[in-house]
Structure formats: C-alpha cells, structure tokens
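See below for the structure under consideration.
Which chain is which? They are A, B, C and D, in the order written, and residues in each are numbered from 1.
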Amino acid sequence: MSEPTTGSTEAAAGAERDFLKVSDLYAGYGQARVLQGLDFSVARGEVCAILGPNGAGKTTTLRALCGMVRGRGSVTLNGTELLGRSPEQAARLGVAHVPEGRGTFNDLTVEENLRIGAHLRTGPRRRGRTERAAVVADLERIYDYFPKLRQRSRQAAGSLSGGEQQMLAVGRALMLRPSLLLLDEPSLGLAPLVTRELFEIVRAVNEEERTTVVVVEQNAQLALDIAHRAHVLEAGRLVLSGPAGQIREDGQVAEVYLGVSVLSRKAG
Amino acid sequence: MSTITASLGTDRVRWLRPTLTVLVAAAVAVGAPFYFAPFQVFQLTMVLVYAVALSGLNLLTGFGGQISLGHGAFFAAGAYTAAVMLDRYDTSHLATLPAAAAGCFLLGLGFGVPALRLRGLYLALVTLSFAVFLPPLLKRLEPVTGGSMGLTVNKMQPPAWSGLAEDQWMYFVVLAVTAVALLLARNLLRSRVGRALLAVRDNESAAEVMGVRLSLHKTLAFAWSAMFAGVAGCLYTWVIGFVSPDSFSFVLSITLLAGLVVGGLGSLYGPLLGAAFVMYVPSVSQDVSEAAPGVVFGLLIITVMFVAPTGLAGLPGRVLGAVARRPPRTTAALDRMPEAESAPDAEPESQALSGPSETHTPADPAVVDAEPVGAPPRTEKE
Amino acid sequence: MSAVTDLLQQVVEGLGSGAVYASLALALVLIHRFTGIVNFAQGELAMLSTYVAWQLVASGMPYWLALPATLAVSFAGGMLLERIVIRPVQGAPELTVVIVTVGLFIFVNALAGLIWSFTVKDFPQPFPDGGLDVSGVRMDWSTLGIIGVVAVVMGLLYLLFQHTSIGLVMRAVACNPASARLSGIRVGWVLMLGWGLAATVGAVSGVLVAPVLFLEPNMMGGVLIYAFAAATLGGFDSPVGAVVGGLFVGVAETLTGAYVDVIGADLKVGVPLVIILAVLLVRPQGLFGRAAVERA
Amino acid sequence: MRKTTALRAAAAATAALLTATACSSQRGQDAQDTTAGGACKGQQTTGITDKTIKLGGIYPLSGPASAYGTISKGVAAYFSHVNDKGGIDGRKVEFVVRDDGYQPPKAVEEARRLVEQEKVFAVFQTLGTPSTAAVWDYLNKQKVPQPFVATGASAWGTGDQHPWTIGWQPNYVAEARVYAKYLKDARPKAKVAVLYQNDDFGKDLLGGFKKAVAGSGVKVVAEESYEVTDPSVSAQMASLARSKADVLLDVTTPKFGSQALAADAKNTKWNPLHIVNNVASSAAVLKPVGFKNVQGVVSATYFKDPADPQWAADPEMKAYKDALHKYAPDADPANQFNAYGWAVASSLHQALDAMKCPTREGLRDAVRSLKDVKVGMLLPGVTMSTGHGDAFPLETMQLMRFKGERWQLFGKPVDTRKEFGPAAK
C-alpha cells in the first residue's frame, strides 16, 4: 500500500497537489466491503481518471466522495473532511456528482433541471441580485457548451435522448459552480460520437474554469485522452497510478495485473 | 434436493427438523381445544378464519404485488353464499364450501381482467370502492340476502360420535380447512404459477420478456386470492352463524390488508401472525384503555411497523441481521428512484463482480438499503 | 318548477358535495405527489385541525383569528408528523408506510372522540346564510364559498409549484430525491414541508365542510372515500384533476341517485366506481395524470 | 447431536402439553357454574351471590358507532351510584364493559368471554341490531339473560324462540305508529316524504309507518335512504324537496339529523312539517343547527332529555347529573345517550328487585312480567309493561314540539298497544 503520488514536502505546492486527498478509504454496502483502503490525491485543476474492471470499486469511490456511501478513513477537499457528510452537505462544499444513469429530473423541463443545479446559489437565504444575475449568465454559459439543451430548454427532461440527458446532467452539475466535479460512467449507453463530444466539453470546462474533475470510466481510451492522471483499481485496491500518458503506455502492465486489458475497448 | 455434498447424516437432520416442527405444531393445534376455555377456542377459530383470508390476500399482494383493498368484499361474498344456501336451500354446511370457493374464484376472475390494466395505487382504490359498494348492494338484494337485518343460520353441530363440544368441533373443522388452504397456498407458490408471479412481482417487463404469460397469471392470481377470501367468508358463516351487510364494511378490507402487512407480506406464516394480531390486539387495546381502545390500537399498529417494517414474520430475520450488520452502510437515500424498481436489492458493484462480462449492468445511482425480500413492488406513480 | 330547473338544482347540489370531496382530494394529491404514498389519515388530520379551530373559537377567539392560527398549527403539526411518524419508516416497503397512516387514522379518530366526545359540534359558518337564486335554481353562499375557496387553493398551489423556487425544489424532490440531494437540496426538510402543506390544505378542507357536515370525529370518514375516488379519477398527481374529479364525482352521484330509479340513493356510491373503472381502463393514469415521460 | 436435541425438545413439548391438558385445563371452569337450592332449586345462580351481582355489557367503544359507546358510562354511573347507597337489595353491582367496535364477530367473542370467563349473571345490553342478532342464539342456548338490548328493532319482542332476550326502548314500529297517529289526527291528507337510514332502524321505522297509515289519507310520496358511511344527506334532501310533500319524516341518527334539519331550514321554497325521530331529537342535535331554524319540529320521546331545561329541577335528573359528575367526570351530562344509559340501568334495577328467585331464571321471568313499572328517568305517564306474548317493555311515547329553546310535550302519552294492538312482524 504505497503512496502513489510522488511525495513533495513544500507546503503551498502540497496544498495545491493534495486538493482532494483520499487516505486509507474503506467503504461498502451492508456486509459487502468494496473499497479496501485507497490512497490517492488529485491536484487542483486536474482531470483524474479512475479505471478498472467491473466491480473494482470505481463507482463506490465516487459515492464515498460525495456522501452517498458511508466510508472509513479520510477524504479531504481543500483541507475539509468530506467523510461522514450527507450528499447535500457535500454539495454545499462544492462537490457536484453526476451519478451513473444520469439522475435527471424527468418531469422537469431542461431549464428547470439546470436551475435546480443552481439551487444552492439561489436558495431563499442566499445572496441577492448579483448572484441571480450570475446564475442567468451561467445558464447561458451551459447553453453555449451544450447548444442542444438550449433548443430543448422548455422540454421535459424525460423526453430527451440519452446523450442529451447526460449533457443535461453535466450541465446541472456545473450550475453548482463546483470545485470538484465527479463524473460516473458518462459514456454509458451513449453513441460513440456523442461520447466524444461530451468528453471534449468536459475538457473545455476543465481548461476554461479550472474545475477539478474525477471521472470514472470503463472506456479507458477516452478517459485517458482528457485525463492528466489516472488510477487503476482492482478489487477495491489501487494497482496502478500515474500520469495519463504513462498509464496509456503501461497498458501492457495493466493487462498483466488485471487479466483483462484496460485498453481493450476500442474507442471511437 | 441437495445433490452435491450433503452427507447422509446432515441430510436426515435437514428432513427431520421441519418434520418435527410440523409434528409439534400439529400436536399443539390439536391439543389446544382441550386445554383452552370455549371462548378462547372460539378466538383461535377466528384466527384461523382470518388466516385463510390473509393467505389469499398474500398470494395477490405479497407475491403478486397487486394491492387489493377490496378483499372484504370477496370475504362477504363467500359468507353470503354460505348463509343463503343454508337459509334458503337448507343445504348441509359442507356443501356450501365448494360453492363459496367456486363462486369467489369466478368473481375474482371477473375482477382480475380489469385489474390487469390498473397498477398499484389505482387498483387498490378501485377495489376499495368495490368494498364500499357491496354493503348497500347486499341490502338492496333483500329477498335473497335478508336485507339489513341479515341472515341468522344454524351453526355447525358436532356429530354424536365425536363427543366434542360445539366450539371444539367447529375448531377442528376450521383447522382442517385452514390446513388444506395453507398447504394449497404454499404449493401454488411453488408451482409454475407461483414462480411466474414472483418473477412478475420482481420485474414485470423482464418476466414478460422471459415469456411469462403475464395477463393469464395476474388474472389467475386474483382469482385464487378471491377464492381464499371466499372460503374464509364461508367459514365465518359457519362459526358466527349470522351475516349482515354492515358486518362487511370497507373497514374489514382495510383491516385485512393491515393485518397482512403487520403479519408479514410475502411470508408463508405471516398471515397467521397477522390474523392473530387482528384478533387479539383490539382486546389488548381495550384492556389498556377502556376509554379509547382505538388510541392504543392505532399506536400499536404504528409501533409494530416501526419495529418490524417488513412485518412480524420478518422480525427475527431483522434482529439477526441487525446483529450481524457492520457500520459501512449506505446513507438512507430515498428509495424512490425509478431505477430502483428494476433491481431492488442489487448492489451494483458486488453483483458485477461475479461476471466478467463486458456488458455493464445499469443499476441505480443511489444504492439504497437493500429492499427486504418479500417487499411488494412500490406503488410507484406512473 | 320545471324539469330543467329541477335538473339544474340537482347539479348544484352535486357541485356542493363535489366541492367537499375536491377539497380533501387536494390534500391527498399533495402528499402523494411529494412522498408517493396515499395518506389514509388525511381526512382524520383535517378533522383534528377542525377541532383545533373549534376549540379556539369556543375559548373565545374571533373566527378570523382562529382560522390563521389553526392553519399555522396544522402546518407545524404536519411537519412534525412527517418527522416523528413517517420518517422512521422511510425506506421500508411502501405498503408499510400506508399501513402506518391507517394506524394514524385509527389513532386520531379515537383521540378526537376521547377529547371532544362524539357529540355533534356546531362550527361557525364563515359564509352568509341564504344564497343566490338564478331563475329558480338556488345556490347557497356556503356552496359557492366552498367552491371559490377550493379554486383559490388550487390556484395558489399551482403558482407555488410552477412559479416559485421552493415549488421547483419540491417538484425536483418528488421526481428524483437522490439527485435532489446531490444538488444540495435538504430532502428531509422538503418532505416535511410537503406534509405541512398537505395538512394545511386539509385544515382548510375541514374548516370549510364542518358547517355543512357538522363536526364530529367521523366527519371526514365518508368524505375520504369520495376524495379517493376524486383523486383517482383526476389522476393522483394533479391538483387540477383532484378538483375536477371531485366536482364530477359529486354531480354524477347526485344525478344518478336522483334520476335513475334502479340505482337510487342507496346504490349511488357505485356510480363513482363505474366511472373510475371506465376512465382508468382508457387512461390508467387518470384524467389529468401524467403518463411517465421517460426514454431510456 | 442435533437430531437428538430436536427429538428431545419435541418430546418435552408434547409432555408439557399433555401435563397442561391433564392438570390445569382452563376448560374445567364450567364446573364453577352454580345453582340455587330451596324454593328456586336447580336455577342458575352464576354471577350472583348475596353480596354481589356481576353484569356484562357490550358496546361500540371504538369504530364507526363509537358515539353510542357513552351509554355504558351512564349505566356504569348508575350502578356506582346505587352501590354507594348499599347496592341492589344489598348486592353490589359489578359492571364489566367490553368493546365490539360494532362488529358482530367481535360481539360474539365478547359475549362468550363475558359468559365463560367473567361468569356474568346476565349480559345487560348489547348495542345495535347486528351485534345483538349475532349473539342472541348463543346466549339463549347458554340460558343467560340478555335483558334490555339497546336496539329498537321489533325482532326482540316477537317470536318465542329467544325467551332470554328482551328489548327495552320503544321499538321502531311503535315509534312509527305514534307519528302515524299524530298525522292521521292532525293532517289527515298529508303527503309524506321520508328520509331514512338504510339499515334495520330506518327500514323498521319506515315499514311500521307505512303499515300504520295504510288505508288512511296519509300517503308516503317519496323515500330516500342514506348509508351511515355517506358524508352527507344533502343530495337526498334535494330529491325529497322535489316531491313537494307537506310532511318530512326524518329517520336519522344524530349527525345526519343535524344535516337534514339544516338542509330543510336552508331550503326556503319547501317548508314541510319536519318530524324527527327520537334518536336524533336530542337538544344536542338541534343546537348546532341553530334553535331559530328548528322551530315547530315535531318528535316523540319516552325519557327525559338532560339538555332540556324543563327537567332541571327534577330529582331524578339531579341525581343523574350529580352521579355522572362524580363517577364519569369526562362524560357530558347533556348527552342524551348518557341519560339513556341511566334510564335503562334503573329499569334493570326495578326488574332485579322484582325477581322472585335471585337466579338467571328469576331475571328472565321478572323482565317478562312487568306491570306498569315506573322509572324515574322516564317521562311521567310512560311505564314499563310486559306480559305473556308481549315482550316490549316500553310502547308508550309522547309527542313534543320544539319551541323557543326547548321541546314542549303536547297531547297525552300515546300507548301504541291500545291504539294499534300488539306489534307483530
């Protein structure tokens, strides 16, 4: 169980590097223990991919980060402990989670979905007019990222296609102006072209807004394209960590480790 | 049976224990009327009567996942069939049983057809309005049903050879019918019909894909269930010897459903526990507070549901489970996710562990406390 | 009086009963929309609220002061009820929650009997005596008043849900509570709010109908069945449907009771049954209910 | 190992059961039933001693008919009152109340409990026709007196298969006859509209009325029924208004009585003579409607209404109110059901005093041979009489009209036996 990130002791740089710091994380459902002690860090503004086969604990990791699953150990975001908090508290700390299967509000219109995303910024006791204006501006920004959503802003979310729903889910998460964006299997069930488009947008968001992103993905190729760093999970443990490019090259190694090829899925 | 590793010895134990349990239960059941006072035997008899009705409702709601708030009406139909036959046509008591059963089976079949189109809540409320409608209808059919004065009929008398008192004889007759009914319910569930029902309850569309003939099985479930209620109604007439329309108000239907849920949905012995609850708890409530038994009764229902959300039958399992359970748990996320329907107790990752298949199973994003076995599908709004 | 006037008079009577059903159906629909359960105790809670109002008036408080006080008490009571009685069984099978409300029904009914006895109480009528007479058809002010208030409540609910941020949050929770949590919404708090609102609407219903039905612990028992019918007919998640369904059921049962001799007053309760069955067979989600809009 | 354990457990359980059956069977309790000696030899004395008498009553304390449950409080208050004054003929009364929730099967259970476990002397009052009908076969078979059942159905006094059961209040047919006689005298050409509860009570009264006016100029022109589960009777009232009848016979229970009176008052175009039956005639029913709206309403009664100021100084009424205040402080003395309980309990007191033998048989015979027995809570001129072939203790009622803030009795008490002959089915 070695520290996967290279240890640096310079304080300021350390805070930036350990923007999200996961140490000795255990989590599971009922009696089924899924995560067996994870340690990793994500630097501010970084896109971090978590890869691994089915059942490795990728989704559980994200759920533990956002409070949907209770865990033991420690998860800090910018120095604040996240473990033991409920999802709504995590959201208040700037964690936006786009769950697997999207979780859009099907009965609400597209625009209402996005406004719900900004709920914390416009809630009754929240700041006044300037923030309202900022939300409207953000709405425009999301529509710029996802022009299709603008076309369908008055439509019920349930009537959107899978890709549009996924875009809506990401858009809703961005409306929170999160400091940490968690994406769970964004490519699931989407056509390859749509997936690529989505990942490009995530990259753009990351680059333009410096939002830290943790993405869980089956399609390693795609994820590695936009990620700066990557971690490979197997059976609840980290088996491989490193810069994305390096992981890509170490694909052979992963294959040895996992028995299946991390890169076996053809991207595109 | 156990084909793999069971050694002869453990196999025998496996057989012996349930056999012994059944034998002891039978001994207690047979011995009871010689031990208890007549009115206590009467109470036990009524518990058995309600248990038959509840096991019928259990087939429909606990296993079939369809909620009926109208089973009091089938109960009444059975009771009146028996009473009218005894009163007008002077038939023997035993002859009324098949008639009540068959009549209610057909009635249930008739009801099962529109029930196919109705889901969850809507079915529950339509059956409730049927239960509300029945008493005035019975009053209207005065020439046959005796109107609001009801019908008083002879109770079953013990034959001379038995040497038993009336209450004891009644108890044994009802016990026999109940035993047959419960066995039938058990076998129904183990038959193809039962397995199909379970499949339908757990995942309707998947069951359909698998080729289960949904409409047929759901309609049949309704019919069987109504038949049990009718048989219980028939027994009721034998035991009470009096039927009147206001005895079968919609309160009876609600009581039946409450009894079943309190006893334990989808459990084989839940109906017995539920019947005992319906029978004894009102008396207990009265002993606690004569001024307002309802206050105590209402509180007791709520309390039981707090302590045993899956019913009394599930209580031992929950207690054991709670002891064994470890801290890492999901936070109590609301389980109203539409996706929760498809795989109620799936634990996405651990489940996925078992198969290295490339196709990823879509599972619910918020994993919930695994929904207990025997839970009915939720009355999700459509 | 001509046959037409007769008929119209019966329709007016039907609207009067229908408004009573609609008022309670609104509260039922509210709860169902936000929590997905059918609250069997809704009528009894409305009755309890009405007794609170009665007690306040009886102890000397002016009616127009007692009314807002009652609504406030009901709102707080509804929220408390969600927290104490419903929250502990959240996550249990839905039927369990329904049976808890049945237990609550029995409890509240007996409690009211214990405190206030079963003697009929007179409840102040906020609307003036007499009524409107349009070419021989008489409509009481109280009937008009009930219909008016029910319409206003329905309108307010519509505004609340469609045009306020809190309404948007409530709809989001109703639609997908898990995602709502992820957006930072305190779902538990919103559910309490839903119960509080429903209890308040129920209190309005109780206070409206008490002068007509006369206040006693079983006042709402009969109304509940018809309110179920109204909500089922209208679709269990549509406030507009609840009101239209209520009025429709009221008029239909009154007319058949009065004009179809075979049915008569005793069997008129079967009329809503037949209508509901017919409607549901064509539109399983009720007249105004939404069919699920979902694409994979 | 496990096998033997299971076997042992089974054997132990069986043995325990057998032992229990042999030694402490609860069935043996029947042996405690006692019989008298002397002149009353062979008669049952279960539940009665020289010092005590045990009675059991079954009332709906829960469920839809709980409004009537308070009768038991009036009864219990009376017995407590009597016990404090030395009891009935030196015997203290123990009164056991059980709840049947107005459900016949529950009534059967409770009746059996009272007889077999509580060993009561008599089941004094079962309430409601369904519950009474469900238990009377059993009680008669057990030879347990079932005096003064709280229902006015005419079944209890007709027929001779149930000698142990007897009614008390004027049966609904008798009450109907009182109204019929009044109409035949005062409005011989009356067209009558009837609102009735769709159960034995409403049907009995309506049937009795129709029979009593048969052949006269009084005609029933419209009938509308309602169910106890209905929320309101306003639709029925609207239908009746169409009939243009000049008399409305209102056969309802309290809440519906209030609704019908209010609906009648609101309809200014139809102003029939409103006859409200006794069950719904309490001042507690009229007051919510507003006294100004019920002027001139006619009814009939046989016991004193505690809400009526004219009895304020009546000694029996005073005793009643004091006792209720003392023994049932949470009960409302103005509620006529409490007064009903008091009246029926004091009637039983008279019957117990009249027993020749202090036995169940003695009570059975005593309630069937009452001769003009006066009871304090009953109206002056209303007495209990029974005899061979006549098992209706009360068949006399007096008409009253509502004026100002109270009922005013008018005319003489109407003895329906004299007017119409015995009530026959």
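Simple rule for what comes next: contacts are C-beta pairs under 8 Å (C-beta built on N, C-alpha and C of every residue); 3 or more make two chains touch, one makes a residue touch a chain.
Computed from a predicted model, the values in this text were never measured in an experiment.
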Point to revise | Chain at maximum distance from chain D, centres defined as averaged CA atoms | key: A
Point to revise | Busiest interface, counted in C-beta pairs | key: B-C
Exercise for review: Just give me the whole-number Å value for how far the CA centre of chain A lies from that of chain C.
Suggested key: 44
**Study point:** Between chain C and chain D, centroid-to-centroid distance (C-alpha), Å
**Key:** 36
Point to revise | Intercentroid distance (Cα basis), chain C paired with chain B, Å | key: 31
Revision key, fill the gap. Whole-Å distance, C-alpha centre of chain A to that of chain B, is 47
**Study point:** Junction residues of chain A, two or more chains touched
**Key:** 68, 86-87, 99, 103, 106, 189
Practice item. Pull out every residue in chain D that's touching 2 or more other chains. Key: 62, 64, 66, 198, 227, 229
**Study point:** Shared interface positions of chain B, touching two or more other chains
**Key:** 132, 136, 139, 250, 291-294, 297, 333, 337-338, 365-366, 369
**Study point:** chain D to chain C touching residues, read off their complex
**Key:** 62, 64, 66-67, 69-70, 198, 224-227, 229-232, 234-236, 238-239, 242, 254-255, 258-259, 262, 266-269, 284-285, 287-290, 331-332, 335
Review point. Taking the complex as given, what residues does chain B use to touch chain C?
Key: 61, 67, 114, 117-119, 121-122, 124-126, 128-130, 132-133, 136-137, 139-140, 250, 254, 257-258, 261-262, 265, 291-295, 297-302, 305-306, 309-311, 332-338, 365-366, 368-369, 371-372, 375-376, 378-382
Check your understanding: Can you list the chain C residues touching chain B in their complex?
Key -> 32-33, 36-38, 40, 85, 88-96, 98-100, 102-111, 113-114, 176-179, 181, 187, 225, 228-229, 231-232, 236-237, 266-267, 269-270, 272-273, 276-277, 280-281, 284-286, 289, 291-292, 294
Revision key, fill the gap. In the complex, chain C touches chain D at residues 1, 6, 9-10, 13-14, 16-17, 20-21, 106, 110, 113, 117-123, 129, 131, 138, 140, 212-214, 216-223, 225-226, 253-254, 257-258, 264-266, 268-269
Revision key, fill the gap. So, in the complex, the side of chain A touching chain C is made of residues 66, 68, 86-88, 91-92, 96-97, 99, 103-108, 112, 115-117, 119-120, 122-124, 156, 158-162, 165, 172, 176, 189
